[in-house]
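See the structures that follow.
There are two complexes below, and they share chain A, which is joined by chain B in the first and by chain C in the second.
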Partner chain A sequence: MIRLPTRMILLFVGPALLIYGLLYLLPALAAFALSLGKFDGISPPIWVGLDNYRELFSLQGPFFQSLLHNLFLIFVPGILMLVIALLFAYWIDQGLKGAGWYRVFFFFPNIVPTAATSILWLLIFSITDMGLVNSVLRYLGLEPIAFWESSNVLWTLVPVMVWSGVGFFMILFLAAMSSIPDSLYEAARIDGAGLWSQFIHVTLPLLRDTIATCWIFIIIGGLKAFDLVWIVEKEMPTSASHTMATLMYSEAFRQFRIGYGTAMSVILFIIILGVTLLSMRVYRKERLEY
Partner chain B sequence: MEENRSTATENAFRIAGYLCMGVYFLLVIFPLGWILLSSMKTNQEILRSPFGLPAAIAAPSLETWSYVADKFARAWTESHFSDYLFSSVKVALGSVSLTLLLATPAAYVLARFVFRGSRFLFLLFVAGLMVPGQLVLIPIFFEYNLIGILLTHAVNAISVPLGLGTYYVSLHNSHVGIILIYVATALPFSVFVLANFMRTIPEELREAALMDGATEWTCYWQIMLPMARPGLVSVAIFNFLGVWNEYIYALTFLDDETKRTLPIGLASVSILSEYKSDYALMFAGLVITMVTIITVYVFLQRHITRGVTLGALKG
Partner chain C sequence: MKRILVLLLCFNAAACTQVNTGEKGARRFEVALFEGAFGLFYYRQMEKQYEALNPELNIRMWGSPRVSDKVRPRILRRDPPDVVMADLPVWLLIKGKRLQPLDKWLDQPAYGQRQGRWRDTFLPGVLDAFTYGDQVYGIPLYFGGYVVFYNRGMFREHGWEVPQTWAELENLFKSIKAAGIAPLAFQGKYPSYAQRIYFSLLQRAGGLEAIQALDDLAPGGFNSPAAVEAARLLQHIALNYFQPGCMAMNHIESQSQFIFGKTAMVACGLWLRKEMEDKLPEGFELSCFDWPPLRPDIPYCWQGGGGSFLMSFVDAPDREEGVEFMRYMSARENMQQWISMNAALSPIKDAAKGLSVPLDLEAALSYMDRAAIMFTSRLSTRYPSLQQDHIEAIRKLITDKFTPQAFCDHMEERAAAMRRDPQRDAFPPSRLPEAYIQAREAAL
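Let's look at the complex of A and B:
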């Protein structure tokens, strides 16, 4: 390697480091300090030590409830999304006609801004006469369902999240499936394996790494969940629908309990850090070769 | 016999495949068609028959079409959708280009040169990948207050003695302010991906150029940048979609209707319209938002699929 003059290093790395340090690292560190105080945004912060954290960790408290909501929004839509995406990818990989079209159209919901997705489904599941699903129910002589009632919000968000996520994971699975050599399927066929047992015994085991990657995506995304809940609850989620991020936002920017809100974001960070480190460890240990 | 059974199951497998994927295809397409048709209806039509055709299609006339045109014109101006779209374009292009401008040289140096602290600097950038934006959100709100006060004092220390009057500088409610946040947020991922990309470019090319008397500067501009183009495109698209979609920072920092980006503009107009039962306006806003993202998707579909999945495949 050739040595680079210090002036050059400063010029190339300096600006990025300045912005990143000042507007990302510094505030991230400041969060830890802010979480130890009582602060309403106007009068100077008062040192309260770990009081904010003590309040967070009560099991009956709203924070623990919101963590459970995050877990719901991770695992219920997550499992459905991955099963559907795996099936679709397998069908396409097995040579269903029109593969290009499925890719283009199924992926599309993934790039629709979450705000638009929320409004779209707010209208589709609306309780009023214009709601598509409820007008079908009425037509069938059934009682309309208040999909967006706060206590139903989490369940209603399941199909919405599946709708916007399936295409993304399908593309990932397709990429992984196309690198599985045909000879493996042929060998399985000679042994008398049908399509189903090929899927179970050849495809699935070889996709283990990809599926693990998908779960990390789903878990980290689900821990940070904010937009969907915030919008469908019209900026006022209740104790039945709050996620960690919406609770944090309400406490900090609506109730002006800034220290308390920041303490939540610190816990959120620690959970995400834990998941990331755990996943890196898993990756290092087992790398699948074929 | 054996042969027959396996073709029979294979056919069943195929038919089930076409059925399921066909249904899913409709689930993607139908909502888009529905909002397009509904956006042409009056509020009464929307409530009376959610599945029906709008008058503008069923009975086209000057009157029905001028209603549609008038409604979109009102969404565009009175509900500020033109401002939202313009703000989104400005913020997205601004933050993507500034991100690339800062991340590329940093990634280049960190990927190709070893100097004291180079490894630490790289890890420092990568560490940002594990920090969720929510941790930064609250502190940066108050950091911007402080920076605003400092800048105001600094500017007025010069402008007042010169008789240019007093100014009030703030990074709140400003596109510059939010662009800077988006850039800072995008840097860890961009530096990480670009550095990995640059490591794959053969060292010999650069050495040959240096032998021919090129400076490090021309090496960077004329050899590394062109070679890194596919990586730059993917990173740019990944960041563009991220910013285009971003909600929580825009909600916190952009207060004026004229400064809001599409996601918060759409959400705030819709929440208000729903209270007033003005569904027609919600549909019009939704169509405007969808049309922009569909346009982007149509032109960049291949790049987008690659750019978005890039984050997943790096692991």
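Let's look at the complex of A and C:
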């Protein structure tokens, strides 16, 4: 192996490190410093120590509530997405007729921009005569439902998130399923396993890494949830619908509590860092060989 | 090479000549505007006229519904446009000495006048919203108030009358409901519309003093008997007379419900006509009334005041030019164009005189004449986070998640926490206007 002199290494790595330091590390450190102050963006910041963090961690405060909303948006649509994606992937992998079309059909919502997705579903669930679902309810003689009322928003977002996310996870599962050797299924069949048993005892265990990957995507996506909530709530989420990111934006840029908003972003960073480290630990575990 | 150098020098000289001789584009300034219900038509017209009058001027005018977001980073890097109309943290900007006081210009004659002061051409009190410490930091181009809109045709058809008392209003609500129509449309996605109703009811229940108690964070202001009464009435109206499902509607959806006859009324600002003009059916007789009085000893005040405020910044390079343009836009003759183009009222005295205005504005003008004073809450400019809490608490009040007493106690607690904050901004206590004191004495 050729050993490069340290100077040469620095010459190659230096520019990248410099850019990373200037555009990422420095602002991150500045953000941490800002989180220890009271700053409105115009007047000079005032040092308040850990006051912003104390306010954040109050159980009655909006931050804790918004964290619960994030957890809801991670686990409720997440579980549904994975179950549905797994089923679709399994059917397609079993050689369902028109599998190619189904792939495109299920994946398509994933490439629709969030703004367009939001507007589409705003109309579908609208309380007015334009709302598809409520029109059906009215036709059936039932009371319409105020799906987009703030206290119902998180539940209403579940089908939206499932619709738009399921295709992506289906593709991941399909890729993983296609790499499972046929010989394993053959052996299972010889042992008398039916389709269900094959799925439970062969497919599912061998998808463990993919499922872990999917959960990491879901958790990080759920923690950062912003755009959908922001759009359907007309840029004014309430205590019933705020996520950590929308609350952070509202506090920093609407209430001009930049110090408090930055403290939230520091906490969000720590949580995402924790999830990332956890995922690295999962990957470091012994991988399945077949 | 020599030839190229000579050519470049010639170009340079030509460019310099153009700047120095005051030709078109020599003087310039930038105007950034909020593009809302009124669009930019009036401002574009003013730009055209002003440039025609001043050929050496080049105005860079732009508008956006998101102008605040676009202007904010420029304010932070001290490169703001010369004239701005946007929803900005006014008090923070004043405190940070970033907004340009306009008194120097306001004490000079209005555009096209030789005598008098520009400030005296405005209706009484409309400059108050942007007045801090006796200095004025913004001038309004719009004059509006909050009212209840109704379709006069629909009222005539059902034999309904505009209510003059609270009992009549209650009866009206019941009659409308009995006719199978929802009484009030409501812009549920924006509970701040209900906050406006609350302020009107609070004034009816406790006078201007009750509004000022909120503005001043006076102890007991948020849970005074008047505040509880206003909260009780607002909740009563919301739970019984708001259109079912309205909390899932945005402003356009809910106002369309009113226009399409699914509801009989909607509470809104006077911009409603312009905002919904594309949807107004032929023959729709849009008119309005104000919330009726609750107590005979409290003089009638109308919630409203100046809007579409224009401001300038101390670090805007061409603010002098910008303020002159503000002065031009607020000239009485030009304000008449504003009224005609936007079907809206103007903050300039007598601007509507001799003009024919739509039914709703006619009704609004009559309320303006009757009112002892116009009032507006200053909670949003003084305490943005408390304002946010108030709106959120109002959402809970109108969806029955707070009782009126719990709503008031919650807000009082929030106000007390703010009072305890040693770093909070302290404002001089509000003063009751002379006109109000006289009206109050007369009512007693």
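Note that the second predicted complex is superposed on the first by the 269 of 290 C-alpha atoms of A that agree within 3 Å, B and C clash if a C-alpha of one lies under 4 Å from a C-alpha of the other, contacts with A are read in each partner's own complex, and residues count from 1 in each chain.
In the analysis below, contacts are C-beta pairs under 8 Å (C-beta built on N, C-alpha and C of every residue); 3 or more make two chains touch, one makes a residue touch a chain.
Keep in mind that this is a model prediction, so the values were computed, not measured.
Novice: Does chain B (first) or chain C (second) touch A:168, or do both, or does neither?
Specialist: First partner only.
Novice: Scan A:234 for contacts with chain B and chain C and give back first, second, both or neither.
Specialist: In the superposition, A:234 contacts both chain B and chain C.
Novice: Looking at the overlay, does A:158 come into contact with chain B only (first), chain C only (second), both, or neither?
Specialist: In the superposed model, A:158 contacts neither chain B nor chain C.
Novice: Taking the superposition on A as described, I'd like to know which of chain B and chain C A:128 touches: first, second, both or neither.
Specialist: After superposition on chain A, A:128 lies in contact with both partners, chain B and chain C.
Novice: Should A:42 be classified as contacting the first partner (chain B), the second (chain C), both, or neither?
Specialist: Second partner only, chain C.
Novice: What's your read, chain B or chain C touching more residues of chain A?
Specialist: Comparing chain B with chain C, the partner touching more chain A residues is B.
Novice: Check the residue A:4 against both partner chains and state whether it touches chain B (first), chain C (second), both, or neither.
Specialist: Only chain B is touched by A:4; chain C is not.
Novice: Where does A:211 make contact in the superposed view: on chain B (first), on chain C (second), on both, or on neither?
Specialist: In the superposition, A:211 contacts neither chain B nor chain C.
Novice: I'd like to check the shared interface: which positions of chain A are touched by both chain B and chain C across the two complexes?
Specialist: In chain A, positions 41, 128, 234, 253 sit in both the chain B and chain C interfaces.
Novice: Quick one: in the complex, what on chain C touches chain A?
Specialist: Chain C residues touching chain A: 69, 72, 75-76, 89, 92-93, 95-96, 98, 188-191, 244-250, 253, 256-257, 384-385, 388, 392, 395, 399, 423.
Novice: With touch defined as at the start, can you tell me which chain A residues reach chain C in the complex?
Specialist: So the residues of chain A touching chain C come out as 38, 40-43, 46, 126-128, 144-152, 233-234, 236, 238-239, 250, 253-257.
Novice: Residue numbers of chain A touching chain B in their complex, please.
Specialist: 1-4, 6, 8-9, 11-13, 15-17, 19-20, 22-28, 30-31, 34, 41, 84, 87-88, 91, 94, 96, 101-116, 118-120, 122-124, 128-132, 135, 163, 166, 168, 171-172, 175, 194-195, 213-214, 216-217, 223-224, 226-227, 230-231, 234-235, 245, 248-249, 252-253, 258, 261-262, 265-266, 268-269, 272-273, 276-277, 283
Novice: Touching residues of chain B toward chain A in the complex: what are they?
Specialist: Per the touch definition, chain B meets chain A at residues 6, 9-10, 13-14, 17-18, 20-21, 24-25, 27-29, 31, 34-35, 38, 46-48, 50-51, 102-103, 105-106, 108-110, 112-115, 121, 124-125, 128-140, 142-143, 180-181, 183-185, 187-188, 191, 210, 216, 220, 241, 244-245, 247-248, 251-252, 262-264, 266-267, 270-271, 274, 277, 279, 282-283, 285-286, 289-290, 293-294, 296-297, 301, 304-305, 308-309, 312-313, 315.
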